[in-house]
Structures are given as C-alpha cells and as structure tokens.
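Just so it is clear, A, B and C label the chains in written order, and each chain counts residues from 1 on its own.
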C-alpha cells in the first residue's frame, strides 16, 4: 500500500501555495498518496476566479469574498507583494526558468491523483458555497476527516 | 496506546491559532494524545490578559510585553487585520456560523486532555514569567522535551 | 539506525529561522539525523553575506537579489521588524538571555551533523548560483531528494 502525505494548505500566498504544490507533486511522483486540505486563506486556491461568491449571506461574508477574490492566478506573494508587482515578477521569473505556473501545477497534481479537499468550517465562516469551488475539488470535509487522514500519513505538513 | 500528535504553536495570529485548536481538538476527538507547544509569538495565546508582564527585566522586554499584550482575545489576524477590524469581523463571522470562539476552544481542548506546554527559551527571551501564564499550561519545557515528544508523534505540525 | 527529522526552511524571517535551528539542534542532540531543506526565502539563510549574486541573469533576478541580500545576520523579523529595530532588539534580548545568535546556531548544527540542503528550483528562479551559497551547504537538490528524505522521516516540519 502506498504511503500517505497530507498537506494543510492554510496560506493563500502565491509563494507558499507554490511550495505546497511542488512538495505535493514531488511526493506523488515518488508513489505516495497525497491529500491537500484547503482551509482558511488556502480556500482561495480552489475558489473559482469569478465575481461575488454564491454562499455569502451577509455584508461581512461579501466583504471577505471581495478581499479574497479567489482564483489561482490572483494569489499575492507573502513578501514583497508590492501591489501585485512582486507577484508578476515572480511569475515572469518562473516562466523564464521553466517552472510551471500554478494552474499547470494544479493540473499536474490532478494527473498524479493528488486529492483536493476543501474545509467545511472555513467555507461556512467565509460564506463559500460548493458552487464557488473549482471542479477539481474532490470532497468538502470536516476536521475529523482531515485528522483521520493525517493519522495515517507518513508526511504531515502545515503550509 | 494512543497515537500522538504534537503541534508547535509559533504564530500568535488569531487565524493560525484557530487552525491549531481546530486540528488539536479534531485529533484529540479521534482518540489521539495531543500536545501543543507554545513558542515565540504563540506564547501570547497562553499569557494572561492583563497589564505588564512580571518577568520583564529591562525596557526591551517591557516593550516586547506591550507589543504582545497576550490574552487569547487579543490576537490579531495574519491578514487584513486592519487595526483590529478584520479580527472583530472574523469573530462575528465565527459567531454567526456557530464556530466556537478561541476561549471556548481552549476549554474544549483541556476537556479533551490536550496538553499545553510553554517554551522555556521563548519565555526567557521575552521576559515572560510563570505567573504571567494562564493556569491551563501544564508544563514549562525546553526544546529537548519537545523533541522527545515529537519523535514519538505520528503527526507533527509547525503552525 | 537513527530516526530522521526533515525541516523545510521556507521562511527567511529571523524568528522562524531561529525556531528552525532550535528544533533542528534539539532533535540532533536527541540522536536524530536531521536535514534542513532551504527553499524560497529560506535560501537567504545559506546565502553569503556579500554584494550582488553571481547567478543573476536578468534585472528581475538582480532586484530579487537586492531585496534578499542574504547572510544570516540580515534576516528580518516576521513581526514588528520596524525597519530592523525589532531585529536588533531581538538580537540584544537573545544575547542578554544567553541564547546563541544564528551564526553560532548554524555552527552548532554543523557540529551535530545536521545536513544543509539547498533547493535547486528556488536557486534557478531567484538566480542564485552555487558560489553564492555558504560552504556549510552539503548539497543542492531537487524536490525528489527532499520527498525521499521526508518519506523516511519521523518528524517533518514546514517552517
């Protein structure tokens, strides 16, 4: 049976999410069974890149939705974001040096059977509904499902 | 024998600490033996919500103490803190969606026998004395105790 | 055979890197075989403290190099950096309370046979060449080498 790796993607920062994907695909390429658990700001990675979120029930969730537009192409850098300039520079550097952009990394992760789980509680707090998520998400789960998976995993990371 | 989970709580940000508690109580609810090791800014979580710290021996530690007032209700958000507005909004959203506030999560963690360890070295550097900590803290330990516990743990996280 | 611990050092912030070294040396002192994998901003920890980087091939990599001067003595704090004042205060507090500075921690880690690996992909993206790294770095590796090591490790952390 394949060994497991479970990665909590808490951050929604481009650089950290990139690291999460590099590790996830790297482990999957070694034959491991990998799960990425998207929670809090990490939800932005698996949110559709579109207008207002469907699940928003009050002005606070609408505002949260606006500040976290979602869509893998919009993630900021954790450092030197400089109103998006750092992000755009990082993307250009990745392209120049043949590092795949996040959208391709996500596709690659899917090809390697990396599982994508979205955190139910974070979705409730932020007013994100199922239809706000990209179709690559396998499951919407609570912390119990995460804890069960993590307990069986050889590698556990919080990013 | 129960399997173990050890979580380093390095961050003192509301959202990250919330994630730490959700995971800690989630693992404990699955029957795991969980330890939370509070270090650096994470010390704020287990500091009493009161005035100047007792252990401060010089102006730098006093200033550190002022900037890290401590008390679980004062933690800022890691993103969009906006002078406390983000924090207050997050708290309201948690309430509206029936997510327990941090103070209740701490009590829940104690009920589930989650162990609370404070990092000795961080306390020394920041001038935090034993009497500055909340009574829920079981032990003040060095890194050796943490490393021994982590080595026996199935799940290790750094938050 | 000694049990293993593998720490991804993603952050280049003084406080987080300090935590990484404390944990790495703590685990090594317990007899574990420890590897530190320096990636993204963490590369700054193992970059020489000198002028422009040799590997920079375009203005973006040069600018990245300037913003990430490197050298273990230059790392900022993740919080309250206040243009270096927080960092200098933290260093003074560490000195006053007999906590070893990072440069000594690095030497201590080497004495305890902690392995230092630099991430090839991050070096390529940021234009960091082999000659830009300090001699303490054992190896420049890809994610496959990291994943293989992590899979064998009892403790895995992402800092």
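By definition in this document, a residue touches a chain if its C-beta (ideal position, glycine included) is under 8 Å from a C-beta of that chain, and two chains touch if they have at least 3 such contacts.
From a predicted model like this one, the values you see are computed outputs, not experimental measurements.
Comparing the residue numbers each copy contributes, subunit B and subunit C share less than half of them at their mutual interface. Subunit C is reached from subunit A by a rotation of 120°, derived from superposing Cα atoms (nearest 5).
If you average the Cα atoms of subunit B and of subunit C, the two centres end up 25 Å apart. Residues of subunit C in contact with at least two other chains: 156-158. Per the touch definition, subunit C reaches subunit B in the complex via residues 3, 5, 15-16, 19, 22-23, 25-27, 29-30, 32, 79-80, 89-90, 92-94, 96-97, 99, 154-159. In the complex of the two chains, the subunit A residues touching subunit B come out as 8, 10, 12, 39-41, 58, 60-61, 63-64, 67, 121, 124-127, 142-144, 146-148, 150-151, 153, 156-158.
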